[in-house]
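Below are structures written as structure tokens.
After this come two complexes, each holding chain A, first together with chain B and then together with chain C.
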Partner chain A sequence: MSAAVLVVIVLAALLAPLLAPYDPSAQPDIVALAQRPPSGAHPFGTDPLSRDVLSRVVHGGRISISIALLAALLSASIGTAYGAVAAFAGGVTDAVMMRVLDALIAIPRLLLLLLVVALWGAVSVPTLIVIIAATGWFTTSRLVRARVLALSRDDFVVAADALGVPRRRVLWRHVMPNALSPVIVAATLGVANVIALEATLSYLGLGVRPPSASWGTILQDGGDCMAACWWVTAFPGIAIVAAATAFNALGDSVRDAFDPRGEHVVA
Partner chain B sequence: MRRLLAARVAQGALVVALVAVITFVLVHLAPGDPIDRSLETSLLSPEARATLRRAYGLDRPLAEQFARWIANFARGDFGWSFSQHRPVRSALASAIPNTLFLMGAAIVASFALGVAVAVLQAARPRRALDRVAGGTLLVLYSIPTVWLGLMLIVVFAQTLGVLPVSGIVDPVLHPYMSLWGRTLDRLRHLALPVATLALGTAASVARYQRSALLDVLAEDFIRTARAKGVRARAVLLGHALRNALAPTITLLGLALPALFGGAVLVETIFAWPGMGLLATSAVSARDYPLVIACAMIGATMVVVGNLVADLLTAAANPRLRSS
Partner chain C sequence: MSEPLLSITQLRTTFATDAGPARAVDGVSFGVPRGETVGLVGESGCGKSVTALSILRLIDPPGRIEPSSSIRFEGRELVTLGEGELREVRGNRVAMIWQEPLSALNPVMTIGAQIAEVARVHSKVSRREARERAIEMLRLVGIPAPERRVDEYPHQLSGGMRQRAVIAMALVMNPALLIADEPTTALDVTIQAQILELLRDLQSRLGMSILLITHDLGVVAETASRVLVMYAGEIVEEAPVAELFRAPHHPYTEGLMRAMPRVGGTSERLTVIPGSVPPPTAWPSGCRFRDRCPYAWERCEREHPPLYQVGERHVSRCHLAVEPERRQHPHVPLAAAVGAESGR
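Right, the complex of A and B next:
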């Protein structure tokens, strides 16, 4: 079920120009076609600027999904690096790195994002990806550190050490590959999280800038005319919920696959 | 227990201090300052701006500004809010109770709802009710707070017209209501914001609580209880739930930052006059003292909440008290 939804969403994003019935930014008739409710010609209705909502949702998926995938990948990488370095370094370095992490986790993420985005002014999509990733790696690095520490005491690592395998090789060949399962789970769940986050930031006017259509900017277009055109908000929202649910379900299955006994040690 | 408490308090204080440094540095790294940003100063000459900067101490080195700010903060003086034209303390004093009220109601609602659903699921695992509830929870868990709030407004406020769209009380009639009427008015205004904030959290509580319950139900002492004839309901509620609650309390502690972020959004959507609304307006006005104070208070609330969660976990599980 979730796999089917995922395939549909990703295909729709890839084939957006072929699937969308209209140009997503065309404003054909601001008088006669603005805020039309859903109909045969416009299944999702039109927005206050007379743009076709279905075309915008299909095209918006491209930006929203790309941001989510890239940001989740980037934050997983940062989190892995930070957690691994802390675990390998140990001692004072580890303690300092972990206290800094405690502080970063204690600042509500949305407040941190508001702070960064608003203070730096308008952000481009690549900057947005970096900023979202930069505020999303904290839990991953905790998981990786715990996993690396546990693995370092595991018999096969001790054996490799005893056999005289160089330290660097032990870390890269034996410890790290085994520490990656929580990262993959966290990254998959992270995609769902970032889809919602992009929508939130764009809705607040701090994310993707119009005229680019992302699911979040369409929400924002609809936010101004909620009473008169609920469909502009409702349909991109349904797309967001479908995509986020599918990635969350995928994350759950991946976790169960890595952890068949259901001990949920990974996330 | 006392040693655990002391260690946690010390750790929490360190975290709050680090948050202070991080926010201060972030805010000052950003280009521009409140004198450039403020609307009413756009007509000022460069000389007048320089005078204002000197008056507010914005021309001093960063380390000195930080030292002065920390010293004042420790004395309870949070500075002057440029955008609100009043002390940060008075702006916060009116906003914090509203946010605590909203978050408190959301925590109680999500915990009660989440645990109740999980118990119903765990009573008959992998049966129809469990599966339907599991799917529903996954969807609820994936709904962005913003969209949930907007849709609840469309359905309950605009289409059905049964609940108010925004605010904390009726702006006109509230003072003239009876005590009972005022309570009802507050509850009616609370309903949509709390539902928006609590539904997602309730879903994650329920998902977590269900798997914790199933883990405990597989343990030996449950089989013993069943074998000696304890009724199913008593086993589930008295034996299993009691033991499965501790991790959920910890989860709620860990969910506090997200809940606070959610409160920021909910306050923006429903014009709820709390810290979130204050923080978003302070950020766009680049009101340093107010922004930093909001981040500090938010982080402090999170740290204190985690401390309370740790203590409750220890209370629920005697084995943790000695360590």
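Right, the complex of A and C next:
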């Protein structure tokens, strides 16, 4: 089920220009066509500026999904690098890096994001991705560090050492590939998290700015007339919930696939 | 007589613990001659695996090999060898195989890639030559259809095939010494016999020496020419295999033999050695086996026994060597007496 939802969402985002019936930012007639309820011509209705909501949701998905995928990928990379360096370095370096991490984890993520975005002022989409990634890698790095430390004591790593394989090669060929499964799981679950996070920021007017529109931006457009034009917020809202749920389910399936001891649940 | 391939003198490996230093290996000396198989026997916790790991310097802190120890191999002193030279010895001149073949193989690399890696690390061969070499090794260790198996992952092989793959990895560079730490313990009995047969066959073909570490005297009887019995961090008896089985001298060796199941044996039950190995942080003074020994007397408490010569190339760390008449009067070992009391 969730796999089907995922396919529909990703395909819609990829094929947005072909699927969207109208230009997402065109305002054909701000008086006659504003706030029209769903109809044959406008299946998701129109917003207060007479824009077609279906076209905006389809195009908004492109931005929301891209931000989510890239931010999750970037934060997984930062987290992996930080955790691996701490584990390999060991000793004082490791201790200092972990205490810094403890301090960062102690700050609520949304608060951290609001602070950065507020200091930055208007942010572009690439900057937004970097900011979201920069506040999202903490738990991944903990996972990676723990995994690398455990693996370094595993028989096959000691065996490679005993056969004269150089340390650097042992780390890259034997330790790291085996440390990646929790990262992939965390990154997939991270995508769902970022979708919701980006929507929150954009809804607060701190994320994606017009004329670009993400699902969060569309929510904001409809926020003023929630009672009079429910369709402007309902459809992007459904898209956010559906996408986040689908990526969460995917993350769970990936976890099951990597963990042969757990029960396999087909999502 | 020429120098043996491996010659260990007064090896001491200690681990720092909260309870003080654990003297896991406490002054062990022995040699492994070229082309021979030497068996190292003892129960869990006697220091045999630590001895093996010490030879390859695989002891990580808090463990350390005391600098007074000497491990000479092919004219080199391994205890003080630099990291770079050590890498050349590991996997190239000395290789090791492990008890649990599945965990000794990287789950995300094909067995071919793992064998080829050892070849590429130690010699200037191309990717393709290394692969050819891997296939050749798989054939050598008796894996059927090696051209296909070379691209399989460890989980696709059976236990016996995995151990063969581990052996192939260890022997790629044709090492002079193979250290086999309980190589058959994790395998089915029929597979055990096949692996031992393979090791014997490879040894005669490749002319290597084997240091075989096991708790199973049966494995030693089939494979080794000389046997070392280890107890509480020390060698307690050393003899040619036939001599050891014909005339075991140390009471611990005697106990191990009695604990061995025998086909056609008359006794219904196996005899166990009462008690267990004392902790390495507190080896008892005098003889370390005395609490479990049916012959122990006051001398054993007072005096740590040296290795007495009890036959040609046969030594034993037991005062019975000088007071043999005491063997006629066994008694209940202290550990058994205490155990029986506390058990009630």
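The working rule: the second predicted complex is superposed on the first by the 262 of 267 C-alpha atoms of A that agree within 3 Å, B and C clash if a C-alpha of one lies under 4 Å from a C-alpha of the other, contacts with A are read in each partner's own complex, and residues count from 1 in each chain.
Here, contacts are C-beta pairs under 8 Å (C-beta built on N, C-alpha and C of every residue); 3 or more make two chains touch, one makes a residue touch a chain.
Predicted, not measured: the structure shown is a model, and the values here were computed from it.
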When chain B and chain C are modelled together on chain A, clash or fit: fit
Touching partner for A:Ala234 - first (chain B), second (chain C), both, neither: first
With both complexes overlaid on chain A, does A:Arg169 touch chain B (first), chain C (second), both or neither? second
After the superposition on chain A, what angle is formed at the C-alpha centre of chain A by the C-alpha centres of chain B and chain C, rounded to the nearest 10 degrees? 90
Can A:Ile107 be said to touch chain B (first), chain C (second), both, or neither? first
Pick one for A:Asp224: touches chain B only (first), chain C only (second), both, or neither. neither
Thinking of the overlay built on chain A, is A:Tyr203 touched by chain B (first), by chain C (second), by both, or by neither? first
Just checking: does A:Thr245 make contact with chain B only, chain C only, both, or neither of them? Give me first, second, both or neither. first
Quick check for you: in the superposed arrangement, does A:Asp29 touch first (chain B), second (chain C), both or neither? neither
I want to verify the contact counts: of chain B and chain C, which reaches more residues of chain A? B
In whole Å, what is the nearest CA distance you get between chain B and chain C after the fit? 15
Residues of chain A that lie at the interface with chain B and also at the interface with chain C: none
Interface residues, chain C side, partner chain A - complex: 56, 58, 87-92, 95-96, 98, 100, 103-109, 117-118, 121-122, 166, 169-170
Contacts from chain A onto chain C in the complex sit at residues 154-156, 158-166, 169, 173-174, 177-178
For a test of understanding, state which residues of chain A touch chain B in their complex under the given definition. 99-100, 102-112, 114-116, 118-121, 192, 196, 199-200, 203-204, 219, 222-223, 226-227, 230, 233-234, 237, 240-241, 244-245, 248-249, 252, 262, 264
Along chain B, where are the residues that touch chain A in the complex? 11, 14-16, 18-19, 22-23, 26-27, 30-31, 138-139, 141-147, 150-151, 153-154, 158, 211, 214-215, 257-258, 260-262, 264-265, 268, 279-280, 283-284, 286, 291, 294-295, 298-299, 302-303, 306
